[in-house]
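Look for chain A in each of the two complexes below; its partner is chain B in the first and chain C in the second.
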Partner chain A sequence: MRIRLMVAAGILGVMILAFSLPHGDPSAVDLTAVLQPPSQAHPLGTDDLGRDVWALMAVGFWRTLTVVVTASLTSVLIGVPLGLIAGYSRGAVNAIIMTATDLTMIIPTFVAALLVTAVVGLTPFSAGLVLGLFGAGTYVNQTRALTLSIRSYDYVRAEVLLATPTVQILLRHVLPGVAGPLMRYFGSSASGTILAYAGLAFIGLGVDTTVPDWGTMLYRHRSQIDHPLLLLWPTLGIFLLAIVFHILADPALRKEGQ
Partner chain B sequence: MIMRWQKALVRQLELFFVSSVVIFAVARALPRTPMEVYLQDRGLPVTPESIEALERQWGLGGPIVVQYFRWIGRFCTGDWGTSIVTGEQISVAMAQRLPISLAIGLGGVALAALLAYPLGMKASLGSRGWDLGARLITLISQAVPSFLICTLVIDLFGVRLGWIPFFRLSGAALVIAPMLIVAFYSLGQLSRVVTAHAEELRTEPFVTAAVARGFELNDLLWRDGRRPVLYGLISTVIAKMAWVIGGTAIVEYVFAVPGMSYYLIKSISSRDYTVVQSYLMVLVLWMFGTRIILGGVLSWLDPRTR
Partner chain C sequence: MTVMLSLRDVRKAYRSASRDVNALDGVDLDLPSDHALALVGESGCGKTTLGELTVGLQRPDAGQIMHASGVDLANCRPRSLRSLRPRLQMVFQNPFASFAPHLRLHQSLAPVARRQGIAQPMIISALVDSLEQVGLSAAHLDRYPAQLSGGQLQRASLARALLCDPQYIVADEISSALDVAAQDELTRLLGRLRAQRHFTLLFITHDLGLARQVADDVCVMDAGRIVERGRADQVLDDPQTRAAKRLVDAIPRFRY
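Showing the complex of A and B:
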């Protein structure tokens, strides 16, 4: 268990370090050197326009990471507080929050992201924001369910009787109990975000084709299957990044370690 | 029981009303009105007179509240208007495409649920190989984009082996490959849910007591554990229902299947707002129906919730 966590952290660390190294200009086209195999000058070779694949991969990595961070922060910062409030207050506030949550759960996250990014343009920030906003519903539901069960425990009741301010009860006594189970969901939602962003870039509504993305690379090279390496690199990137979050979160793995 | 059911129905009706208002409001708040899109698409001059004529033709004039009720009234009676771009009846176009999307999404999830039960139970009770296999499937579905698997399948069976002419299929043959891929992508998660519930059952007092009396753990979990495990599986399937129509968009897109989501992607790129609006309403109707039906199934499986 500890070893797997360290492997996951190691993979992420190596990716961050490697993609921080200085790389060539990802938009530099060289038509005299198209579809080159890996070499000293181009560690991962070149694509059909003679662009350096390593540079494309690096730009794609940072964009994907931006999406994951934006989406996760949006989901957690919106979903957890609303779930805490809904679970603790009941009444009208609860009804309003739950109706809003149900509304976002009716439209699949991916469809919402397709619609919004087609109108405003597909950037890591816009995609992350929409994916995070529509992914927040599950956080609200889970946090609310956990809060409902925690608030009936004696130690929370005692705090209520002691007239401890509600905010303090929520932050100090309820939140720690909610955080653990939510971590498990966090990992799978993060790897889902990576795949969703790759899918959005693949479909390419509102996409700026001059900016490299892992999904855009897969779309470009899907018909150049004679050069499987061009498909392999973005796939490997998506796979490794998604697997890091998968390992961090798989409940089965956690159980083994306990 | 009846009370609960009525309450659930009222709740879903409320949600239907609120979401239709939101969808209507968002469509109206877009910077380009349908009238402008229509006129600009056809290279016609955008004059106040032509906008007014179209408004009258489409029933988009008058106060906004009246417009909303006129629109929702027509929607409920099956008149969904015509596409701005192609001019076809939207309800007809949707009716043609819905069965295809449902076959892919619902068929895929149903197939996955059928396979997930034995696979998940085997992963809990059988040899370690089953567990590793189930984990591998889960891992692939969480870390490899589905459009890549689709591309590889098309390349292998369509191009290299030449067995299936993917883009020239029609009828039922059209949906088989996409359905199998959707099933594969749902199988991992669903089988993990079954395994988790089976593991939980092992520690239940009635199971340990029966094992102490000499019953086989295997028989117990397959026979007496069926209901609680199925309950867990079906609640997860309900959560997946929202995903059935829209979530398969990429698979439909890669295989170029003429389903709902492929229609949506085409309509978004041609700014055909009336189609997008109807698509969202179909999603709302779909959720409305599935929640009520599957809620009934759940309460039948677990009498305690009645």
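Showing the complex of A and C:
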């Protein structure tokens, strides 16, 4: 398991380093050099507009990472506090939060994201925000379930007797117990976000197909049967990044469970 | 002798899908102020449940738990209950669950002292004092719960309760994890503390011998009811009920 973790961290580190290297302008069109194979000047070749595929991949990587960070932050910052409150208060507050959560959960996240981004435009930030918002429901549920069990621990009940303010009990005593197990979910939701964003870019209605997203690259080149490398690079990027996040969060869970 | 807590026909059942357990089945009990009462009974007879009800950690299904201030712990609003806190304290049965595992002892204790109005520069010395009162020392302040023994955690738990200037402490089998010598030390400690601090003590145990060392009176519980109450010696020498007789027979002989 250690090895899996190190390999995943290594892959992520290499990706971050490699895509931080200076690269060409991803929007520089050169119609005299379209569909070039990999070369010294273009390490991954060029696409049908003569753009440097490496530059497209690099920009796509940072855009994807922006989506993941935005979505995760949104989900965590909304889902965890609501889950803590719902789990600790029961009663009417719990009922309201859980009803709202159920409502967001029955709307398929991908469809919601498709609709919203079709209206406000697909940017890494807008996609991250919508995916994060609709992904928050699961964080509410998980946090609530963990809170319900932690609140019955004697050290939390002792704080009740000690007249510790509820906010302090939640932050100092309950939250640390919630954070570990939530990591498990964090990884798989990050992977889900990567795939969802690639999907949105792929079928995004009215999206500018010159924008360098991995999903957009797949969409543009889906018929370039003669140049399979053009499809391979973004596919590899999506696959690697998704699996890296999946693995990175996994051992955190294992350690927590012991 | 004023009564601090008075329980009338208190009932509590734990309901689950498979079965209901009548943990308390009509308990009447008066707890005088500045008094040590032992609650003895076999495992599962409802001692912990009764203890938790008397500090307001749980509510009964029926009955009254009247505090001297006029607050009925069984039926009052949460706000009235909060007005009695933190002066009703409990030391829990399982020492290893009594402190947050991710906090050092001083991190758990300092907020308690702060809320008692102790000024920031005095906090550490107040914590050291409270630990020394129960036979621990400043060296323990930096430890995590996992770095303390069960007995040390029980003492720390007692120190935490004492920081609150308690009117009442429930001590739930706080010596059951200890060897006999440590048990004797702990019961003497409780006696000293009570002499200094004058709190009412509900000493829960299944060891009648220990009960005699700590308490003035003994209540014997059986299957959710209090079946016998009397002076500790009297219950020991002349148990009236089957439950009390069984407990007397169970006392380690050399102490009896």
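Going forward, the second predicted complex is superposed on the first by the 248 of 258 C-alpha atoms of A that agree within 3 Å, B and C clash if a C-alpha of one lies under 4 Å from a C-alpha of the other, contacts with A are read in each partner's own complex, and residues count from 1 in each chain.
Just so it is clear, a residue touches a chain if its C-beta (ideal position, glycine included) is under 8 Å from a C-beta of that chain, and two chains touch if they have at least 3 such contacts.
Keep in mind the model is a prediction, meaning the values are calculated, not measured.
Aligning the two structures on chain A places chain B and chain C side by side, free of any clash. With the two structures brought together on chain A, the opening angle seen from the C-alpha centre of chain A toward chain B and chain C is 90°, to the nearest 10. Contacts of A:172 after superposition on the shared chain: chain C is touched, whereas chain B is not. Of the two partner chains, neither chain B nor chain C is touched by A:77. In the superposition on chain A, A:102 makes contact with chain B only, not with chain C. Here chain B and chain C are compared by how many residues of chain A each touches, and B touches more. Once the two complexes are laid over each other on the shared chain, residue contacts for A:238 go to chain B alone; chain C is not touched. Once the two complexes are overlaid on the shared chain, A:41 sits clear of chain B and of chain C alike.
Once chain A of one complex is fitted onto chain A of the other, the partner contacts of A:9 are absent, as it touches neither chain B nor chain C.
Contact with chain B, but none with chain C, is seen for A:199 once the two complexes are overlaid on the shared chain. Closest C-alpha contact of chain B with chain C, superposed model: 5 Å.
Of the residues of chain A, not a single one touches chain B in one of the two structures and chain C in the other. Contact residues of chain B toward chain A in the complex are 14-15, 18-19, 22, 30, 135, 139, 142-148, 151, 155, 159, 192, 195-196, 242-243, 245-247, 249-250, 253, 261, 264-265, 268-269, 276, 280, 283-284, 287. Put simply, chain A touches chain C in their complex at residues 153-158, 160-164, 168, 172-173, 176-177.
Residue ranges of chain A in contact with chain B, taken from their complex: 99, 102-103, 105-108, 110-111, 114-115, 118-119, 188, 191-192, 195, 198-199, 202-203, 205, 215, 218, 222, 225, 231, 235, 238-239, 242-243, 246, 251-252. Chain contact summary for the complex, chain C toward chain A: residues 55-57, 82, 85-86, 88-90, 92, 94, 97-103, 111-112, 115, 157, 160, 164.
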